[in-house]
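Lettered A, B, C and D in written order, each chain numbered from 1.
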Amino acid sequence: MNAINVAILGASGYTGAELVRLLAVHPQVRMTVLTADRKAGQAMAAVFPHLGGMALPDLVTMEEADFSSVDAVFCALPHGTTQTVIAGLPERLRIVDLSADFRLADTATYATWYGHEHQAPHLQTTAVYGLTELARDAVAGARLVANPGCYPTASQLPLIPLLRAGVIEADDIIIDAKSGVSGAGRAAKEGSLFCEVADGINAYAIAGHRHAPEIEQGLSGAAGRPVIVNFTPHLMPMSRGILASLYVRLANGAGVADLRRVLSETYANEPFVRLLAEGQSPATRHVRGSNHCLMNVFADRVPGRAILVSVIDNLVKGASGQAIQNLNRMFGFKETASLEQMPLFP
Amino acid sequence: MNAINVAILGASGYTGAELVRLLAVHPQVRMTVLTADRKAGQAMAAVFPHLGGMALPDLVTMEEADFSSVDAVFCALPHGTTQTVIAGLPERLRIVDLSADFRLADTATYATWYGHEHQAPHLQTTAVYGLTELARDAVAGARLVANPGCYPTASQLPLIPLLRAGVIEADDIIIDAKSGVSGAGRAAKEGSLFCEVADGINAYAIAGHRHAPEIEQGLSGAAGRPVIVNFTPHLMPMSRGILASLYVRLANGAGVADLRRVLSETYANEPFVRLLAEGQSPATRHVRGSNHCLMNVFADRVPGRAILVSVIDNLVKGASGQAIQNLNRMFGFKETASLEQMPLFP
Amino acid sequence: MNAINVAILGASGYTGAELVRLLAVHPQVRMTVLTADRKAGQAMAAVFPHLGGMALPDLVTMEEADFSSVDAVFCALPHGTTQTVIAGLPERLRIVDLSADFRLADTATYATWYGHEHQAPHLQTTAVYGLTELARDAVAGARLVANPGCYPTASQLPLIPLLRAGVIEADDIIIDAKSGVSGAGRAAKEGSLFCEVADGINAYAIAGHRHAPEIEQGLSGAAGRPVIVNFTPHLMPMSRGILASLYVRLANGAGVADLRRVLSETYANEPFVRLLAEGQSPATRHVRGSNHCLMNVFADRVPGRAILVSVIDNLVKGASGQAIQNLNRMFGFKETASLEQMPLFP
Amino acid sequence: MNAINVAILGASGYTGAELVRLLAVHPQVRMTVLTADRKAGQAMAAVFPHLGGMALPDLVTMEEADFSSVDAVFCALPHGTTQTVIAGLPERLRIVDLSADFRLADTATYATWYGHEHQAPHLQTTAVYGLTELARDAVAGARLVANPGCYPTASQLPLIPLLRAGVIEADDIIIDAKSGVSGAGRAAKEGSLFCEVADGINAYAIAGHRHAPEIEQGLSGAAGRPVIVNFTPHLMPMSRGILASLYVRLANGAGVADLRRVLSETYANEPFVRLLAEGQSPATRHVRGSNHCLMNVFADRVPGRAILVSVIDNLVKGASGQAIQNLNRMFGFKETASLEQMPLFP
């Protein structure tokens, strides 16, 4: 449990900044390398003024990065380029990858959804999908952890235990998800402008979002057979947060109380995942800035159906927080290290 | 087509103010009576400064209201009290009621959902449910129009034609709806405070919202048999707007193209309802302040299913705008009178 | 008062779209040419879905624009290029220019603040600065109207009458202005992203904003001597609106009542400008979407000083609405034509 | 430096909840008593779901509160009642009071602004005004600390050192402040509703806000003579944050560089207060959730004047964070204990 040195590749995006914010209070992690190709040469505080006052190395290019004293890497680079970058890293480095590049075990599925062949299929076979609560031991032993997407985290945490327990049907799962704007990153796009997002909501990437195959992979594994889901994401005017409304069919003989029991047992001792008291409705504002996931189960008036709702902060449990949780597992640190802070409300 | 005098009962709420805003440019309507019991004696501009500069009568109590020269009444009073008030109005007055009091044809259903017997069942039998586009002729001849709720308007405009045409199944309809905060009215409630709503989202009244029986009434009529729906409303940080994401099962043999054709034909000549071009995703910000409803149909990756999205401004097409549209029908005015203004974006 | 044909140059920006929205109900204006170089070939509804349903010409490049049957031009192009474009327009066209290019009568001042020589100084001498209420007759006879900036409109409407009347000092005028994000236009810039603006505020362009010389020009004219102001703009999370807090020193012998009297007399019969009742605080949300300007005067606890507050919608009275008001003056239309709609609240 | 037990009086408001959130990670503070008269009997997690998962005592009334093992009290009660409550606490308890009750050393001034005589003038004489950075030693020895108001904190941190150094004039100080809505508390008031605040801004309590005498007390002390300020607060659509724009006159011979030097020297070694690099504009979003204060100085185009901008989170450095900072001083804990977390952005 000695302190380690970490590099953050792609530190100039929101997930990179969030790693820095959270790690600022980590007792065993020192950030010694921060890369950001287009902002290389700048201080982190110039790119993210809220991080001013911290003692941090300046941003460097990937080429300039010196990994000689680095123990672990957080990779927060864009999808697609990540494969090549990670393939080029020294073998001894342990890696948590926040991109989508190593999340799909089947590289053919990857090629279908991402439009090109996977560039590092040999690494893919070694990657562990890091939905921490459901893959704790595998993560601990992994060299390369594929950190789950934000939507998949919010969707799978409630659905996988229910499918495993056989209390819901694998068909007809409908995931209506609502996301804050930080999920789109810091790139200057018309669709992310304040005036284009404020005071409104719209669905996007309907039946075509790349998180669908990631969710289906997890649910298929839990159900023991191929699962196709309806996944419909919506963009709404908040900076952080994902709320997933999950509409499911009860398995023969199962009732809402069974669903409660399964989730209650699964997450009874978890520090970050919590089933709310009966009737309480999870709200994204109650997890803001934290690594928490809140969830609940509700009876549906339509016979034979149930409603699940789960919430996370997309930048924390949906990205940087879970990445640190995974690192903590990999290095034997306390799993909650640097993730203890409570949500910020209001 | 002479000008008429109207009274607005309950002018101090958001729907009351919205009636005034819209009617300000109506060529044939004069607002001669405005009631608001708790704010009686005040000028409308004191209660709603944005309406300053208009020549409007001061607010009076219901008791003080002089209906002698009034031709029509907009009733924007709370649910429950409305029945008694309307039962006491002079017989010659024509009425558009924005409350829920006369929306449910079956007074037993009313009693179940509202917790008390209906106080004016004899009037209920005469009330016309005013979803204008689908009840145009009945509205024209009505004395009392029950103006539809905001969620039911957004949900029924796409679903009723599809059920009538038999291209979707009546079972398993899932309505995931997202609403702006003005739907909760101007009452000072903790749950409507800025800090409690901003930068977050939550579901509420899950499987228990009173708009469910209203929607089911309309869909049952269209399907020709009793329909129960999943209706899950969400509160989100915008002032105006409702987006309904509708998850449906295709009827045997039907495809998404059939759904498009039915909606396209139904609303081809409508001034306010518009099916978007294929692939375009409706956004609430594109109807803000207008009486418009935008909708679209999308294929689902889950075989045999489709996704519908519709948007309205809850205070306009979902309340005051549709109320004026109904009044226009009742008095033979141009249906679009005072509703011509385009949405406000950004 | 025959109908006229207008062209909108630069129709793909927010002010262009706002012109279209407002003109949609103008009884004497037809929009026959819409230009937008980068979006040429597209339908306006593709660029601005909220304008779908209107019968509008497709967007064309400036080169493709056919001005043969056009009577008047709204120019909503970026600063700098506008001069050359307008210099090239047929002499018979009357023009309202929404850019800053013709606002500064002194082309040397222009060169200082914009970093290059003015390209059409001969046109500058003919341009009328169109702060309509204070330049009504000049506007009526103008060929080229320089439509005022948003901050200058909000600042000058209260300050100019007071300086003219000699009830405030010309020194030490402090203008602390707060603006919505649409003032930055629709360009995809990091600083205008939802996540960079939401839930926060900051000052920008401190002591260096290009609206300062425009304000100083107007105040100098009113004071009869050169005036330098403190102008500090702030960016805040709203789509529309400007609030200007004006801190002034009373002229010898003058009191707050004198300020009220001057403003009350100046704007007594104005349809769009209104002095609020004593003590009422103007709010931007009470002018949203309208061509209104609300203002008020307050005593300061600091002896010899007073506080003024004024609000406008930056896209309407601060841009497109005032442009239409000016066009209405130029063509002898009713000054309020197409500007009658009340503010949208909430 | 043994751990202590603290009571939070008034734990059901935003500042109470914020104390709990921050203290959750304090290594030496145990929260053993939480009071909230109207919510007594409830779990804290029922009142503030974001605090669910913490081991906290249930809420009790003041009468039920057992102070026998309590060492210190945070008092987050409403103004006015606080005096009596604190007067009734056991003498051995050390107290940080977040209300305004003990901030004004002159009880006559208190009576003027609060409309009634002070109920505990004997305690007032012992109270230390806890603007920590400027009263560090006095705080350490105090029994009763009056925690400064949010606006006064943001205003005095930059102004007091400059007045002490004699580089700005004490006359004509103009404070234009912008606040988030949480400053108004969690009470259900129409003016704090989402729809009444979103997408807008307004000034309020112009020349009459009760934080004015608090600011004037601090500035008078620094200037060595009575100071009256213009203090104009504005309400804007953000949950947290205060930005103060301060317009000052330079003292004879002083320049902006002198102001920079004074602030730089004053705050050079402060963990929470930071003068930004030249030209950088402080933004409230860069201190969100943290105990930080950022400030900067700018030259004014008006000769002889300068502009200062400072930002804090009103609930942290403007309330609960500074209260903990003061407690840390009083008990000899590390001053930054439980306040180390970086701001939350976006």
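The criterion applied here is as follows: a residue touches a chain if its C-beta (ideal position, glycine included) is under 8 Å from a C-beta of that chain, and two chains touch if they have at least 3 such contacts.
A quick note: this is a predicted structure, and the numbers were derived from the prediction, not measured.
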Practice task
Determine, using the mean of C-alpha atoms as each chain's centre, which chain is farthest from chain A.
Solution key: C
Fill in the blank from the handout: More Cb-Cb contact pairs, comparing C-D against B-C, go to C-D
Handout entry: Whole-Å gap between the CA centroids of chain B and chain D
Key = 45
Fill in the blank from the handout: Cα centroid separation, chain B vs chain C, in Å, comes to 36
Fill in the blank from the handout: Separation of the C-alpha centres, chain C versus chain D, in whole Å, is 39
Completion exercise
Check: chain D positions touching at least 2 other chains come out as 14, 182, 195-196, 198-199, 237-240, 283, 285-286, 288, 346
Problem - Residue numbers on chain A that touch chain D, as the complex places them - result: 14, 17, 20-21, 24-25, 48-54, 182, 198-199, 239-240, 271, 274, 276, 280, 283, 285-290, 292, 294, 340-346
Practice task
Would you mind writing out the residues of chain A in touch with chain C in their complex?
Solution key: 14, 181-182, 186, 188-190, 192-199, 237-239
Practice task
Using the touch definition up top, name the residues of chain B that touch chain A in the complex.
Solution key: 171-172, 174, 176, 178, 180, 195-196, 198-204, 206-207, 212, 228-230, 232, 234, 236-241, 243, 245, 247, 281-286, 288, 298-303, 305, 307, 309, 311, 346
